[in-house]
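Naming follows writing order (A, B and C), and every chain is counted from residue 1.
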Amino acid sequence: MDPEAFLDLANQVIKLKMYPYFDVAHSLLCALAVREDLGSGAQAFSRKHPLACWLSTMLVIFAGGMVANALLGEPILAPLKNTPQLLIGTVTWYLVFYTPFDVGYKVAKFLPVKIAASAMKEIYRAKKVYDGVSHAAKLYPNAYIIMVIVGTLKGNGAGFSKLIERLVRGAWTPTAMETMQPSFYTKASLVASVIFVLDKKTDLISAPHALVYFGIVIFFVYFKLSSILLGIHDPFVPFENLFCALFLGGIWDSLAKFLGKGQPKEESKDNKKTN
Amino acid sequence: MDPEAFLDLANQVIKLKMYPYFDVAHSLLCALAVREDLGSGAQAFSRKHPLACWLSTMLVIFAGGMVANALLGEPILAPLKNTPQLLIGTVTWYLVFYTPFDVGYKVAKFLPVKIAASAMKEIYRAKKVYDGVSHAAKLYPNAYIIMVIVGTLKGNGAGFSKLIERLVRGAWTPTAMETMQPSFYTKASLVASVIFVLDKKTDLISAPHALVYFGIVIFFVYFKLSSILLGIHDPFVPFENLFCALFLGGIWDSLAKFLGKGQPKEESKDNKKTN
Amino acid sequence: MDPEAFLDLANQVIKLKMYPYFDVAHSLLCALAVREDLGSGAQAFSRKHPLACWLSTMLVIFAGGMVANALLGEPILAPLKNTPQLLIGTVTWYLVFYTPFDVGYKVAKFLPVKIAASAMKEIYRAKKVYDGVSHAAKLYPNAYIIMVIVGTLKGNGAGFSKLIERLVRGAWTPTAMETMQPSFYTKASLVASVIFVLDKKTDLISAPHALVYFGIVIFFVYFKLSSILLGIHDPFVPFENLFCALFLGGIWDSLAKFLGKGQPKEESKDNKKTN
């Protein structure tokens, strides 16, 4: 591919308008996620508790903005002032839950529709991560960690609001905290936030900004499609294992065990029993 | 009744001062609600955990303001700066929980006292809903949904802060979310908020503002008294059922069942079992 | 001791710089607290869930600021913009959890180290209480209760964020609410906040400000050392019992029981059974 044309494409991606098509794709996948989280009782639940159903779907759709606002001292309800997005969210929610003979749900679950929506959602995610990092950088120009946190939350807000979203539906699952078993989306958003921060605040990345952004979009879309089509769920695992072995005690624990102190293993057993 | 005199009355109701009598009635009913929520162990609890008891009562009294502030990015503690109201709250809390031979509690439970306080509390509620809608309209002039949410939260804040209030007392009841089974107060506040928004933002309601406000006050007081004296708990149920049947799948589900697809019913059974 | 020299010392204490030594002592004890809260499975947990471990440690270290900010409508993440403190926190977290053969943890647990760190942490606590009261006084000059609440939260924020901190680690313990069984630190911070408010806002305390501050520092350090060395855990208990007997029903309940109404005792039994 011609590098010139590639840069042109990158510049077009960075200027892509999210409204309305990407908003629709995002809302659709959020409503689907709520419906799947409800399991086999989803339809009955949606009939008995329409308010809780609508509220929790809205919480998932606007999760990133709401969670980030909550942590930055900004109004949690502010994302709802975007009336067109709210309407799109409500319509998709209605289509997924209440269409006669469940037509809406079945169409949304149809593989080609799901793949297209997923790819669009990942482009949307990249934009949200970038917006989050930029917004935090404006508020706290020197606090790198805040930029990374806000970028990650914007990228996978639904993961972090899951407990509250389920609480709205009357279910409480404290062990499902995103921090305990971060999903691939959280890790990818974290990495993307770090790259955006490095790009913005340091000279370590010499590529033009549009290329960095485009690279992250490709990375998001590529792994999403691998996950749907090939079943690859977390390409970060080997790197994590290496990092844990080198820095978070892995090697030293093995050495300690080898030298006959054996404590870590026993503690691990205890842990399994008590949990 | 003379329409002129009626409008005069409405104008007087709209200018009614809440401090101090209405504050007293509101605080009294809030403290009673906490005591009843504690059940038969209320007195023992109040002796063992006076701090938790006081804090949860204050949370109920100031619930509307605190919940609305939390969602609007304003200081959650701000309602406590109203020192006279805080003193009234503390005194009523003390009277309900700690008077010798439980005199305070018995007086507050005495039917005529309870009826008078309840009627006053409903007038107070109408004012809070109106204040909530006006406040949100100042912040977000075009976000109707935010006005409705804030009005509803102000009107029945205690319903939405119930989980936190119980948590302060060491009890955790995730299935008691207001969103799952909205109480009559939540629904009434929602309807009142919608009417206030329509009155404020559109030309659909041609009656003078004072009459709209007075109408809502009468509606609140009337249903509260019906609920205490006649045991009518939720006049919205028939409308809800109609709406659900028409728009939220009711009719289509029946049709689908009739056509032999029968799925919704089975799912509903599963749901009952797992819950 | 010469009063002149004493006042001099007090003036020096008030100007003491917290960074970096006091920050180190505070972070060390916070990381130790997290490790002890995790119990025997701490090491296994830190290997399996490093992110949750790090996040919950940071939550404990910055608890006071974050909880106070959340309640005052300020950005919850703002305390993290203090990069040097964040680095100190991360390094102490690493030392306590991941050093080879657990050297860091063993050193931190060594009694003289622990005593020195504890004494420094109490000086830090006095400063945080004072800062909290001053900050709230700037925002709400007439709301004494808000000053006391913010001072208490700043003094023992970790107590109030414990539920969220454990939730980050996937554990949910609703009965561990600080409000149910306030720890000595909460009570001491409350008393210190009240004294600071009286000193700041009234003429009831005629001693110079430096002496008041120094007195509270001595009080904090003295009781912390008594607690570690002599096992005295709560010197407030007798005063509380007296207060409860006089004002919160104690005497009247006994009188009622004596007169044969005996209700409170039965209720107390019920309460124990249901809990």
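Operating definition for what follows: contacts are C-beta pairs under 8 Å (C-beta built on N, C-alpha and C of every residue); 3 or more make two chains touch, one makes a residue touch a chain.
What you see is a predicted model; the values in this text were computed from it and never measured.
Novice: Which chains does chain A share as contact partners with chain B?
Specialist: The shared contacts of chain A and chain B, listed by label, come to C.
Novice: When chain B touches chain C, do the two copies use mostly the same residue numbers, with over half shared, or different ones?
Specialist: Under half shared, hence different.
Novice: Mind checking the rotation angle between the two copies, chain A and chain C? C-alpha superposition, nearest 5 degrees is fine.
Specialist: Going from chain A to chain C via C-alpha fit gives 120 degrees.
Novice: Between chain B and chain C, what's the gap in Å when you average each chain's C-alpha atoms?
Specialist: 35
Novice: Quick check on chain B: which residues sit in contact with 2+ other chains?
Specialist: Residues 73-74, 172 of chain B touch two or more partner chains.
Novice: Inside the complex, what are the residues of chain C that reach chain B?
Specialist: Those residues of chain C that touch chain B are 70-74, 139-140, 142-146, 149-150, 163, 172, 174-175, 177, 179-182, 244, 247-250, 252-253, 255-256, 261, 263-264, 267-268, 270-271, 274-275.
Novice: Along chain A, where are the residues that touch chain B in the complex?
Specialist: Residue list for chain A touching chain B: 40-47, 49-52, 55, 69, 73-78, 80-81, 83, 86, 97-101, 167-172.
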